[in-house]
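Here the chain labels run A, B, C, D and E in written order, and each chain numbers its own residues starting at 1.
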């Protein structure tokens, strides 16, 4: 049998530049499984890409509807942005009983959504990251920060949860200012942030969107010299575009201890894409989880295998790394338990979202260096 | 009926109307002449509410109408035509006429939905009226033509036709004759006289055709450089040296054409 | 000079029925190839698009008003279901509701005071007005900000806003229309004096302002955090409820159908029926209006405002009327859209999708023609959705002949962008072969 | 052969023909005047001569050369100048720029010609820096004629040049037209001020419903009581 | 009281960035206004024309860099600019031939042309992305700063920094030159006047012997040059990202309109109005107040409106301007 799997990402639209590596991550896992020939006795997996546009709920719904009803996909890696994810989940996936695993939708609202057990995500809710970031900043001895966020549910959620946590620990937030992505100019935001002042600037944005514009402006005008960079800001482009200018800045991202991630990055490299790109690893894991769950449930029916996802993701069982999906499939076929670790040290908690280990990073000599994991 | 007092209209630094005072008596056919750029059309536009005056007042039957919007003036019985024809180009000639009467039942949405019987009756009457007007103007063969496709003169006729669709108190005609065939213009002149006599319309007519003015108008007001230069019967005006100097001229210098080919 | 009308007469009387039949055929092909679910999703949104296009056509086609703030009025209409059909957030109103109302009262009084000063002062007018405005602004912020903070503090992850009234969703549609109409009144009073492209950019700005407000006023609609779980209108059930309903399962089994598919199709059909009903009522009303003296008057105004004004038509008043009505229709569609999506995501309101695409529908359909707008709405929406599939397919066909290599790889990777190319090409083709639209105004 | 010979023109804007076998001729240095009721097709005939209308039949020659297939611009370069009845100025350009545009195809120094135009229409000199769109109706008409004179054409075509101009300017204009003709330029014009126009015309054409009804010298037409009554207003 | 520091703060965060941004918008608006003025429609594809021109310029810049050719302290992209302009001119001329010319022939209403330009926008949009991808690209080289923040602080000993990027300076200078050239061209040259004549009254232009296809071609070439210059300068100063150029369209149109469509001076004024209103109205005056008023202490940022509304603010200002000047500051055209 040929199993079709949907990949719903915003290939066009405001986040079009980060979509391809995410999709590539998912496809990498599918190809690996398919090539192994071990899924349910030799099933192949064919990815079906769909453009969710990231911002247009109606278009995303139509896309996912097409995947489900006409292509007959057995599961979907997606959506990419929280809003669009919620729309396609409630309007298509739940009514049709199809599993969706989002690698990147991080809105806290998704934690409590009514999903009939069909929705999972391999990224943590933004509620967690705020706390982690607070700790890291405090440890740097910084007590006063300015915050800017990308004006969407991700940025807003993260900024809010951070500001709350930071104040609770006795810090001062001088300003929380939104910025819109993809705008022509960020002088106004930089001006306001500079006027508010602070020892560091927290940029809860996207590195190839407004976030970079803010960094650029703040650096050039000399407004700030230390930056705190959460997940959306940490990517290879940062090194490329800013180099040593950011030395002394630091941040964190949902990511796990090296081994799995490194393995994934190496795999990605041979497959020809940048595995360190944001949410690419999460997408690999999302696809892997679904396929492994099918094996565990011995069924490609989403309504059946959805119950196995938590099982394969969490302990007990043998640990499975990226590139070892074949081994995982074999073990499952033998009826053994596995604990999928994957590229992001997957550990699903609550209603099926990543618990969220975070990698603390610092920028030294123009390079992003891992400080520790927490 | 219409009284204009010390009216000024400035465009930037230019005084198009510069302190004109005049009166149009009820029941008259008043002619308004003057050199190009004297401010005649501008005066019309101010009276008809298209332009706000810089200063001065306009009264109609004693009521101050300065600066009232054109549509309100229309409902007070003040109608006008435009020097450069202002037809409704995508509508048919007939529709151009039928849209004119005010207060049609079907002009409110509610009635358009729920008073269709009454609308049908009114429309039939309007249609008849429009066809009469078109007949009179000798363009009934064009009733279903798009007004934008009319010839220059036909547009001027349509312009005039619109004022004939309703009962008016006073009609301002801005060069209806320009571009209209002289034989037809005579007929139009007759009609103006008839409307004036039979229905008591007052007219104020801008025209450069002195035959037409002479035949129709009394009194004639002459404007120059934004002011009233002279006023009087056509005969006195045509003898007036100042008017001849500024406006009428003394005829062709080259009375006889002696072309190279002759 | 001459206004040529190419292609206007082509097809004659049969043109409209033929084109609608072709549209139906497209849908049927879609259904045959991808299933009824997919086709119905397109139809439902297509119906809403048709209503949106009707609203824009009223303004542009009837009166020549170039409104490019469509996105704002759609968004405002979408606020209807949020305010009407969501459950109220417990404690939110008592925490800050009054504060917000008082703040609005302050704003109103300030504006009225400024207007009064404007009318009655002669000396120092500017200064006095400025002083009043600034004082009013700070007073407003002083009352407004704490009230908002209080509301947003209530369970921010899932509430943090006032919530709605908990009333039936169907009621929210007219409310959405009213909200849009109210805003249109304010906009119309101020901006309708502007002509053509100047009005266009002014309304473009107003659209952006409305969306900015909806994005950032969390107490109202959770801003970028989105409102989800907006109830469906009567009589549309939830699929999961149907799938759990023994009566339904029995009936489905009797026909030998698959319960999941049947339930999803049922829901979509019900939505479709609701939307179609609204559309039909609108079309009826609009066609009657257009062919009445009212419509004639509107066309006259569109053709030549100066002359219409001289012929006793109150151009300003009529412009305001049609602007408000058009916006109300747009708002209605906006509300319907939200109750179809089940969620309000203010950041998704971008002008490309919600203003210009609608304009494309109107122009492609044929401006001034209501049926044209319906056709344009359905067709362009169909294309917008299908371009997502066709675009990459074309790229694959193109690249099939190429040898493997970096170029091919690059092109294959770029396949999604063909969606836009495809959309553009289709738009250009349609406009090329009927430059006055598929169903031109007579 | 006549300098301009437009013979048997048949054609119109859409399906129906406006012109039916209409013939117009002008000799070198002569003035030909077209009169007729409104909608007779006078302007249409002018446009046809100028190549702005596709003819189904007929042919236009200028100075013996067949120009039937040429575009309006090409005809301008062959020495034809045209003042349309409506929309005959550049409204947002100044009076002077309007005149300059008239001289667009000229490569020589056109300042004298411009001075001549200003002498002919003194009001234009006064308003030379004002936009033509802000002029009074009659002033615009003067700009329009001035623009055509700037071309220094061999054949000057005027569609109702005197519509809306004051008597004194009309006289000036006719005078000037005579002078122009004396320099060897041929003139074809449509006029509703037909009596004055026919007075100076060498040749008159009465068009009715797109066809030639009467063709004769200007004086002869003026003398024909039937023509006077039906077309010249008595 | 510390007037110098306050002044520098305003310069650094308001005046310098707003001036540079204003010049960028103005350059874009010039193109829009030109097309509107001559060809009489709002060209929605202008943003994507800018993107396309910039993409080509970037590709050539890379080639030049690979060949080791530089431009001293100036960005190499300026060397590549003429090629970018040429390629873009070819593209828009081709587009005109295939697409727009037909609608001129049938005398379609301006709004139809506008919608056609939306179609062109979609196509160009996709083309640019296929050509160069969707990623953010930085291609500025040469000297980055005229005055850098650190150097300024060191040199003056002030607490407040002042930075001026060389790209900012280049943009402002270019904008000034381009607008002067365009103004001169349209007002004084024969070709320029014939373009205006064509826009005023196409038929009469024909009767005056003006060659319409030449006018149209000229217009597109100039528009392509303007678009490429604007896009490249913007990309040099910020960075290149196909999507951003679409977003740029909105403020660019606003600038063209507020200045008065069809008027080059208006485009410049409009650009600065939009830029200054965006930056200044949402500026937090707290720091300035602290410098100016001794002992000033406040929790408030002294910000009129938060930055979320910066776009709304600039549009509000636009609407207010239009209410008093319905066809823009410089009496623009309206079709």
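The definition used in the following text is that a residue touches a chain if its C-beta (ideal position, glycine included) is under 8 Å from a C-beta of that chain, and two chains touch if they have at least 3 such contacts.
Chain labels with UniProt names: B, D = ABC transporter ATP-binding protein; C, E = Branched-chain amino acid ABC transporter permease.
Bear in mind that the values here come from a model prediction, so they are computed numbers and not experimental data.
Traced through touching neighbours, the fewest hops from subunit B to subunit E number 2.
Counting C-beta pairs in contact across B-D and across B-C shows that the higher total falls to B-D. Most remote chain with respect to subunit D, judged by CA-atom centres, is A. Mean C-alpha position of subunit C lies 53 Å from that of subunit D. Subunit B and subunit C have Cα centroids lying 45 Å from one another. If each chain is reduced to the centroid of its CA atoms, subunit D and subunit E end up 46 Å from each other. Mean C-alpha positions place subunit A and subunit C at a centre distance of 32 Å.
In subunit B, the positions touching at least two other chains are 149. Multi-chain contact residues, meaning those touching two or more other chains, occur in subunit C at positions 1-3, 215-216, 417, 419-420.
Within subunit A, residues 16, 151, 178 each touch two or more of the remaining chains. Listing the residues of subunit B that touch subunit C in their complex gives 48, 50, 69-71, 74-75, 79-80, 82, 86-91, 95-96, 98-100, 102, 104-109, 111-113, 116, 119, 122-123, 146, 148-149, 162.
For subunit C in complex with subunit A, the touching residues are 33-38, 41-42, 45, 156-158, 215-216, 223-226, 228-229, 238-240, 260-261, 263-264, 267, 337, 340-343, 345, 347-348, 350, 353, 384-385, 388-389, 392, 409, 413, 416-417, 419-420. Across the interface of their complex, subunit E is touched by residues 50, 52, 72-73, 76-77, 81-82, 84, 87-93, 97, 100-102, 104-105, 147, 151 of subunit D.
Against subunit E, in their complex, subunit C makes its touches with residues 1-4, 6, 60, 66, 190-191, 193-198, 200-202, 204-206, 208-209, 212-213, 215-216, 351-352, 356, 359-360, 363-364, 367, 391, 410-411, 414, 417-425, 427-428, 431-432, 435-436. Residues of subunit B that touch subunit D in their complex: 11, 33-38, 40-42, 83-84, 138-139, 142, 149-154, 156-157, 175, 178-186, 208-211, 246-254, 257-262.
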